[in-house]
Amino acid sequence: MDLREPIKISTLGEALGALLDDQSGNLDLEVTHFSTAELAQAGAFTFINDAKKWPLLEQSHCTCVLAPSALKEKVEKNDLGKTWLFSKNVDLAARDIKQKFFFQTPYQSHWQGIHPTAVVGEGSSIDDSATLGPHAVVGKNCKIGKGTFIGANACIEDDVTIGEHTTIHPLAYVGHHCLIGNHCEIKPNAVIGSEGFGYAHDHLGNHYRIPHTGRVILKDHVHIGAGSAVDRGTITDSIIGEGTKIDNHVHCGHNFVIGKNGLITGQVVVAGSTTIGDNFICGGHTAITGHIQVADNVQVAGFSGVAKSVERPGAYGGYPLQPVKDSLRTRQNLLHLTEMRRSIKKLMKKVFPEES
Amino acid sequence: MDLREPIKISTLGEALGALLDDQSGNLDLEVTHFSTAELAQAGAFTFINDAKKWPLLEQSHCTCVLAPSALKEKVEKNDLGKTWLFSKNVDLAARDIKQKFFFQTPYQSHWQGIHPTAVVGEGSSIDDSATLGPHAVVGKNCKIGKGTFIGANACIEDDVTIGEHTTIHPLAYVGHHCLIGNHCEIKPNAVIGSEGFGYAHDHLGNHYRIPHTGRVILKDHVHIGAGSAVDRGTITDSIIGEGTKIDNHVHCGHNFVIGKNGLITGQVVVAGSTTIGDNFICGGHTAITGHIQVADNVQVAGFSGVAKSVERPGAYGGYPLQPVKDSLRTRQNLLHLTEMRRSIKKLMKKVFPEES
Amino acid sequence: MDLREPIKISTLGEALGALLDDQSGNLDLEVTHFSTAELAQAGAFTFINDAKKWPLLEQSHCTCVLAPSALKEKVEKNDLGKTWLFSKNVDLAARDIKQKFFFQTPYQSHWQGIHPTAVVGEGSSIDDSATLGPHAVVGKNCKIGKGTFIGANACIEDDVTIGEHTTIHPLAYVGHHCLIGNHCEIKPNAVIGSEGFGYAHDHLGNHYRIPHTGRVILKDHVHIGAGSAVDRGTITDSIIGEGTKIDNHVHCGHNFVIGKNGLITGQVVVAGSTTIGDNFICGGHTAITGHIQVADNVQVAGFSGVAKSVERPGAYGGYPLQPVKDSLRTRQNLLHLTEMRRSIKKLMKKVFPEES
């Protein structure tokens, strides 16, 4: 990403505040673009988060490097002719510089204000600073807060409340009566607040939909990925806690409740009525069954199956779920299954010859 | 959900018809809201479907309880000061009361009639009682039946026929020539009738799309979940049988045929040209391969893999698929795999010392 | 699919060019519809790609059969009273005839030109021969090439370039600055160029979105399935190589790079920063981890887990991944796991009686 106006490195350093640990080299130099070390041209701002990538810097044409504080000594011996910013949290510092100086996200296209083709139902109040993109549809009795952006062709049903500085991307859907917090982000084609998969059955095997009257509540700073779906609760609400981020194609069943600062990666499925604590981290393509409890501070590896409650914090993996180290051993031993069976046959023949 | 006007419990009981087994207490009392036992306030209608939840009722402020007939004796001894409706199918009875008195689903927003921003192609006939929401698009030569609702920003391609009292939610897609029955529901961002993943290949490894000219046919009372996709058939049709309900993010490949009253849970994938019988029940995140047959009355557990035809009714699970009891044993034994391998090594050393 | 005007079989044969190996029977006859052998009526064009299906032809009312060259001898002995076209690549020949004479895909509805309800931002250039369907939204500074079709309610963000003869289906999304090639197809509700799931974290466990400024680049002849999502790169681009086809509900993480002529089937998830070579073929519901490399000419079976780089071409399957033959054996042996454990217990008791 190129800057319109070159920026002094000292300005970048100041903007980092407490994230800046130290700096060295010519801080009056200017940078013009944000780049990887490999693709950097003169004037580039780049960063490395791993000392092993040092050789990339030796080849790089970049002007300024944001690097881990642990590299300071190495830089003192060999500064490569670059300007250095040091941080103990390079990833966060790089993110802050990129966000503040190079490209502000979430991206909100150039449409501003209420587009003439947007449709708004009666009784809805849209803050003057909010945006409704072309063909966006907002139902009746909705409230859309300050600075909130609703993208093209998005659909907000009746009686929805959306907080401030939230981004509803194009083609996303928010169901009736849902409550979306501040600084949330709902990505394209995500569906918040569809009815859950709950049916009552008669003796003939017919299924009758149970009306789902709970809401979906997204607390502040929640992100929902492209194409993901969070079903509304049956009677009570589905609730996603503050700061929790959900990746693409994740399915959260009815009555799903999760705490703060979770991270759920692509194509995870969580069946209905499951409750998960704070700081949950879940790898992609994992299945979590319904009606279970998962404690705070649990991590689950990708492609795992969680079939019962997880009562203690820790890292888990596999199906059935085990502590992650054990699950890696199980997985590794599966490679020997064929040979194991052969050995057992051989042993049985020798030890119990009368049975063979 | 609160009622505008309080309702007499005797009215609820009458509405249940044959689902009402018995009643006791003051039937002239009125209820004002539908609630869980825990959250109920005075005036609440609630239900329990499991005798184990009795302690919740002892704490509950609810006025009326719908309970299993099996609890009658217990209630006779201790009526907790409440009014009771008894049913042999509490789930269905609770659903009926909720649907009739508290909240009618599927939810269809407040838009009524053909919104001025909706676009309809030539030769299409839309019943006078149908609704097209804002920015809904209907192609040419379509037929939209009585009481059918097409939500905001939904897209119906050319030559589609949709029956009566069907709900196409906002942002859903129905491909050309598809046939949607009566009382169906297609949830937001679902895709019905996209082309299947079928290609012919030349000797250079290039792939050429095979035109998919079969339709998707949804029989009456079919529900399709948010973000799910049902591909059209290659030459013949993909068909979803009467009363079958499909959850979110389910992928049904081309030429998929399934019978009546199936239930397919979230993130199941069914590859192309597979045929499934009546009353199929499938847990979430299960993969079903293409070109196989599954008999009537088959249940498959979640996170399973169905790699070949299932010829007999019954409950199955795992990958490879086994009768569900065996699959639970297999899964449980996986936890011992590391220890099993260690034992085998030890046995081999002892029994065949010359080989070690 | 029925033709408006019957077509002479000799015309079909000529259209096949080099794909036609031989023909026999009355080439002056005409065909009127394209059908399976089973459903064919008089006048039908049909094909079989497998000699085992011969009995279907004996019952079929079809007029013309496209068949593998290997069947010529059999036909000479018994022509069943039909006209025959022979090809060494029946699937491709059938596809070509269907595409040229019966139904041209991708289907593009009947809307033509720029619909009056479409919205186009400033500075965008739309080729005169392109179509924007009803309520389609195109941002600013976009370029839409010759013959390209953008369906109803689709959303193209700012600064996007789309080549020639590409089809963006209704309700699809293309993010800012993305680059879509010629003859591509993006199916309904697919999301190209959403931000990746990349966050930096502070010491309190809060997650901060890293702005994703890389693009998504689809080379020519790329197809993306319904509801699939391809996230943009963090700094560099996510790139899908020429001719690669992706099925429904596939999730491609940020910085995903794949070569030419790949085939990725439904509900595969590829985590971020993984690079895959040419001619990749992947079965459905497979999970591929992030930050790995997969060589050219790799095939992975469905419902597999790829947890580390694949350095050699070949066919693989299972989790952990094995050469496909080994993975089939492993899977088969899993069915014996319970019995294996029982045998080990018995052996231990006999061989190490002191331990039991």
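Lettered A, B and C in written order, each chain numbered from 1.
Simple rule for what comes next: a contact is a pair of C-beta atoms (placed from the backbone, for glycine too) under 8 Å apart; a residue touches a chain by one contact, two chains touch by 3 or more.
Worth saying up front: this structure is predicted, and the values here are computed from it rather than measured.
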Given over half shared residue numbers means same and under half means different, the subunit B/subunit C interface is different
The C-alpha superposition of subunit A onto subunit C, two copies of one sequence, needs a rotation in degrees (nearest 5) of 120
Distance between the CA centroids of subunit B and subunit C (whole Å) is 27
Touching two or more other chains in subunit B are residues 117, 135, 153, 171, 189, 227, 249, 267, 334, 337, 340, 344, 347, 351
Residue positions on subunit A within touch of subunit B in the complex are 117, 119, 121, 135, 137, 139-140, 153, 155, 157-158, 171, 173, 175-176, 189, 191, 194-195, 197, 199-203, 205-213, 227-229, 231, 235-236, 249, 251, 253, 267, 269, 271, 287, 289, 305, 318-320, 322, 326, 329-330, 333-334, 336-337, 340, 343-344, 346-347, 350-351
Listed in rising order, the residues of subunit A that touch subunit C in the complex are 1, 34-36, 39, 89, 91-92, 94-96, 98-99, 102-107, 109-111, 115, 117, 133-135, 151-153, 169-171, 185, 187-189, 221, 223, 225-227, 243, 245, 247-249, 260-261, 263, 265-267, 279, 284-285, 302-303, 331-332, 334-335, 337-338, 340-341, 344, 347-348, 351-352
